[in-house]
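Just so it is clear, A, B, C and D label the chains in written order, and each chain counts residues from 1 on its own.
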Amino acid sequence: MFPKTEEVKVMRDPVHGYIHVEYQVIWDVINSRWMQRLRRIHQLGGANMVYHTADHTRFSHSLGVYEIVRRMVSEVPDIDQALSEEEKVTVMLAGLLHDIGHGPYSHAFESISNRSHEAYTCDIIIQDPEIRTILESCQKGLAEEVADVIRHKSANPLLPQLVSSQLDADRMDYLLRDAYFTGTKYGEFDIERVLRTLRVSDGKIVVKESGTYAAENYIMARYHMYWQVYYHPVARAYECGLLKLFLRLKDLMEEGKMPKTIPAFTPLLKQEKLSLDEYFALDECACNYGFELLCKAEDPIVRDLASRLLNRNLFEYQENNAAGNRKIRALLKQKGFDPRYYFGKDEARQRPYVPYSRTGSEGIWVRMHTGEILELSQASNIVNALVHGQERSDDRVFFPKEILENK
Amino acid sequence: MFPKTEEVKVMRDPVHGYIHVEYQVIWDVINSRWMQRLRRIHQLGGANMVYHTADHTRFSHSLGVYEIVRRMVSEVPDIDQALSEEEKVTVMLAGLLHDIGHGPYSHAFESISNRSHEAYTCDIIIQDPEIRTILESCQKGLAEEVADVIRHKSANPLLPQLVSSQLDADRMDYLLRDAYFTGTKYGEFDIERVLRTLRVSDGKIVVKESGTYAAENYIMARYHMYWQVYYHPVARAYECGLLKLFLRLKDLMEEGKMPKTIPAFTPLLKQEKLSLDEYFALDECACNYGFELLCKAEDPIVRDLASRLLNRNLFEYQENNAAGNRKIRALLKQKGFDPRYYFGKDEARQRPYVPYSRTGSEGIWVRMHTGEILELSQASNIVNALVHGQERSDDRVFFPKEILENK
Amino acid sequence: MFPKTEEVKVMRDPVHGYIHVEYQVIWDVINSRWMQRLRRIHQLGGANMVYHTADHTRFSHSLGVYEIVRRMVSEVPDIDQALSEEEKVTVMLAGLLHDIGHGPYSHAFESISNRSHEAYTCDIIIQDPEIRTILESCQKGLAEEVADVIRHKSANPLLPQLVSSQLDADRMDYLLRDAYFTGTKYGEFDIERVLRTLRVSDGKIVVKESGTYAAENYIMARYHMYWQVYYHPVARAYECGLLKLFLRLKDLMEEGKMPKTIPAFTPLLKQEKLSLDEYFALDECACNYGFELLCKAEDPIVRDLASRLLNRNLFEYQENNAAGNRKIRALLKQKGFDPRYYFGKDEARQRPYVPYSRTGSEGIWVRMHTGEILELSQASNIVNALVHGQERSDDRVFFPKEILENK
Amino acid sequence: MFPKTEEVKVMRDPVHGYIHVEYQVIWDVINSRWMQRLRRIHQLGGANMVYHTADHTRFSHSLGVYEIVRRMVSEVPDIDQALSEEEKVTVMLAGLLHDIGHGPYSHAFESISNRSHEAYTCDIIIQDPEIRTILESCQKGLAEEVADVIRHKSANPLLPQLVSSQLDADRMDYLLRDAYFTGTKYGEFDIERVLRTLRVSDGKIVVKESGTYAAENYIMARYHMYWQVYYHPVARAYECGLLKLFLRLKDLMEEGKMPKTIPAFTPLLKQEKLSLDEYFALDECACNYGFELLCKAEDPIVRDLASRLLNRNLFEYQENNAAGNRKIRALLKQKGFDPRYYFGKDEARQRPYVPYSRTGSEGIWVRMHTGEILELSQASNIVNALVHGQERSDDRVFFPKEILENK
């Protein structure tokens, strides 16, 4: 029913060895312009300011998620047997397309545009003429079904679990991929063993008891990657700079003094919903070019903030506390920096694993040799300790290093 | 004399473990805007169309070359002893800055602009106010000395050999780095052993006899990387597309019909020497944004060629031969494609190692246990066989795949 | 004072790249017969019955520990400055020699011989004519000084910390080495970062705050290696078989029916202190040959137990509980197996990290950016959670699988 | 027909990730005492004297060869389709058992016993009661069929090609495995690509044209491993020592003065065919124990040679040439060493690839995109150059280093 490519297509990938494609519809989606656009969106906007080799893109991550889903539905016997071919193709497509609506600089832009990338993702899958045509001409209704996996509305609850849950292809790929491209070992975990010990019980993905160590290992990988990479203060300093630049632009726009830059920034600043064509144009190349234009703006604050981003002259940071903040505010004033644009706060908090989250996504389940199914923190002393330990947080303020002496 | 940073700065790098910086002048150059601009130039423009993870940049390569030079001058006893501190700092800076003048899309742009990146490199080092100030305020004359290493005019002939010769830090880094980021193993060779067996004899870098295998291995790594990555026909198809788009733009410009795009393309097409400011602006982000604008141009050929680059709808290719070419030309005519813009030729040729090159750069030297110094092809049967074997070439024509049936 | 080798000697090692030797005394000790004997003692007796590639020896581990100590005393500035050349050579020798007294099959033999390998280690260093001569002819008193490091009696308390503490070269090497040779990733941690963040404060080795993640990672590596490798039930089944065979031999000896085997087993069974010559002969080759002879013994129990070890026909295992044990005992009786030789118990317990141990060895110390020195569990939420979480244990009984149906 | 295990059994292996077993007959053979005996035979007897981590055994190599054959017959579509289930099981067993007749210390013992390990291999498969029973009770005639694959007499000529040809599972495993356990990179090649490009044409295994680079890479890996590992002069010095010890024992035996050692040496020295039971007992543990006994022999030459092997006090070596040899002979005489036992010669020669060998095993075949089938040296310039280049040889003499001054 689902046509295959003449022979299996393979793309070399350092994380998975090869990405294997055997369905024509997968191949066609990969070659669509929206997928190719992901080559112009970094996976780790901000963190590549700390890890200079972290230049990998949402495109390679998307292929990686697809590949893990493909392995799950073909190499894990329980999942293989539980799904029809249509469901398998649907969930592989969902893995491939789950980030198609991602904008530049990861999550920082979402707070500017005030619209989640998941919302754009479903819009693109359902409305973009090219992708819609590829999917619908393959199977009537496929576009909606793929979107349903992403918005957790599939008839079969197994499908969303593969793509987006506490132990899903998305996280597995990004931990491994981000570890590889940053050069840290922290994100490594034993994906082979995780895949080998996956089972299906009562419509739920579970890990066999003998996979408990691998699951613990994966939780620890998450924990370490968050603090060492994703929440690294330099990455957050970059994001703070982005937010401050857009705040200044917004203020100027309201005063009718918007400087010359790329047109796509305007609807973004107005927090209007961008058309798909406008959104398409808003990749990181366009943004960087926009910043380059802003480096020549009349407004000195815009010029300064834009050039800080481009030339990696990022904000300095320190712990958020009243005494320290007072001192910084005094220095800012003294050196003539407007704190509205030159003083930022950001608190990162994380618990490596939360058994039951508010979003309804459940924990990781372990099937003991007795047949009993336990939530991971009940099966693992280590995870239990983490769940009941103190939540870790890192609360910082950001400011230009020029206010400090000797810098 | 050369001030050091407060403590050794390290940057994690998956190829070398860490990049170590202990001189303030190195650190300041890394933080200059021209160096940071290299974050927006891919190391392998074109080849990342084949290898989807090859998103690494000239910035990380430049750090890698610097690191190898740093190890050479500090860990290879003969080199350590042969050089003064000033020479060491100079050659490390030359390693760091050797690609500072690189434009977008690797070597393809050089043929459009008709000016080599090396020429820009020396201009930037000597003329850019920021870099010049960093260097000259550290040591009078340092900018010229660094440039001299790059243009092979150093008083001490050892310095250029470290950065640019048949067995230099530049090639060592790019082989290892490109192998890592493409995920191929072909570029791997035993750099630890190469470094351990380097010696200085009569002002020349030589390899001890016991390093011959490692040198053979390195030559084979070069050979395989050229054919598997750098000369991959898909990478060349991308470059062919670039050349065709610029050819069309040039023709339109001469007709006074230049479409709207980024301003920096104009002097490029006129083959005028760009000012450093114009050249600075010409990174890959700007080019991609320029192509995005061209996707909306009035001219259908420009629109088509620009969108092929952005959306990776690249040219098809086959062997260059008279009969095949006649057939393609007929098909192009039939489908209405102008061969001036839709038919390209490219021949890649390579010999993995040439004992004596025309540019005066010499071969690799091996010091036998007898003390005798042999050129590598005399010391190694394998390399000797390669030198006297047939040169390998790959001669292709490129054209839109739409002219073929079933595609 | 301490003569160096003509040039630095290197031995390739997959875990550390190379082992580097520059002192003649180190080189001479490596070439001594007691060191070479360690080539005939596996690092993981028992665990190589589970992990079929875990054939690495105490010899390569000893070189690895030496190499880490060498890096500590030369690459960690604080340690480099805190120690004299004599102390450096002493502690490198202690790292190299710390396992010289190890007998076959890891710790199982210690419980048979009732004498710790550390006691033999000091005896060998002080009394073996070859090693003593190498050390004493290098520096008067060196043998005692090296032994003092191992028995924690050094004048400088820094020395024993490098070789044997909660964060020492011994554990660092075995985690990395056992991970490499078993093919598990669990033991990997970022040794480069650990070494880079080591400092000396008040005569104590501490980790800088920025190394906390690496220390956490190392604690987790320990935890996982214990449960996945060292305490694997199959490894413990092998050790149980060893103990049972020696129990039977002891019983027979007391009855005057000792079967023919290698002579060295006799003093072992009598729990007499072996002479160094007797102990030297007792490597794993000799033991295996002894077991081969026992496979032809008259006593059927000896024959059976010896052949189980050699041919890897190991005991089956299950949880230790009263009901299960009753069932096993009944089956043993039914099938004619004497439970004295065919029923074993073993409980493995481990806490991944204990802040203050009874042996007086202290915890891991972290120097915060404020200068304050905290014990690791105070500096790390993760480790704190582990310390206060439940101790993990695994309590098993072992018996011949032949008593179970269908096996 | 061929019963499967309850679930797929896996064994972790650092070279292949996991070894997968799904047939009961494979599992039973792995657990046989002859297979387990291979745990006591090193893969690289001699070379582990140079590479101190090369302690891997014929057991893990045999599992690796089995795993590659398993992948060939299940993952390469052409092979999968060309073979019946019986043929697949047969050839997997042949891969597993191909080294079952290997004696200690690799090939050195063959020249002592004057009988090839292949001859023993077939004897064991056909005659050993345990293995024969496992095979025959699975399928009548299976033992002979497995032996036929090994002795190149299979009805289907494809089967021996998988196990033993110029591009076979045996070589692929040992190159990768020996590279991993020595820690050299030389033996690495892209096995994934080789497997992906294998095809069957006219009953022959061929490589698709796009696999040519991978095949070149594999040939180079062979070349480098031979010279860097297998033919390393220190490994050959160890083998020379072995041969000299056995020569002395033989001379003594003829004089009726055979010293006390393990009984199995006697038939070996008499070059009698050992019974399977005698051969079984002759593992490396027994040999080492035999050498330990010989260290206490009355004959000083035996004592000396045996202790050189055990304590790695190996022969020195230099180039074989008349002038040098005369000097050595004079020194030997002067120091009282009998050259019959203290002077050895050994010439290693190798061509990395021979298109047509005398043993009738053919070259590697490449299927071009035109359909034409070329021998590898015709398809690859590099291999062609190697085939027509000079054969490399290394001709050495070995002698005790005590005759040299300053050693």
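Quick notes
As a convention for this text, a residue touches a chain if its C-beta (ideal position, glycine included) is under 8 Å from a C-beta of that chain, and two chains touch if they have at least 3 such contacts.
Because the structure is predicted, anything quoted here is derived from the model rather than measured.
When the interfaces B-D and A-D are ranked by C-beta pairs in contact, the top one is B-D.
Using mean Cα coordinates as chain centres, the one most removed from chain B is C. Here the CA centre of chain B is 43 Å from the CA centre of chain D. Here the spacing of chain A and chain B, counted between their Cα centres, is 31 Å. Distance between chain A and chain D, defined via averaged C-alpha coordinates, is recorded as 50 Å.
Of all residues in chain C, those that touch two or more other chains are 17, 184. Contact residues of chain B toward chain A in the complex are 11-15, 17, 31-33, 36, 39-40, 48, 51-53, 55-57, 59-60, 63, 180-184, 262, 281, 283-286, 288-289, 292, 307, 310-313.
If you check the complex, the residues on chain A that touch chain D are 10, 17-18, 192, 196. Within the complex formed with chain C, the residues of chain A that make contact are 184-186, 188-190, 213, 216-217, 220, 223-224, 227-228, 352, 381-382, 384-386, 388-390, 392.
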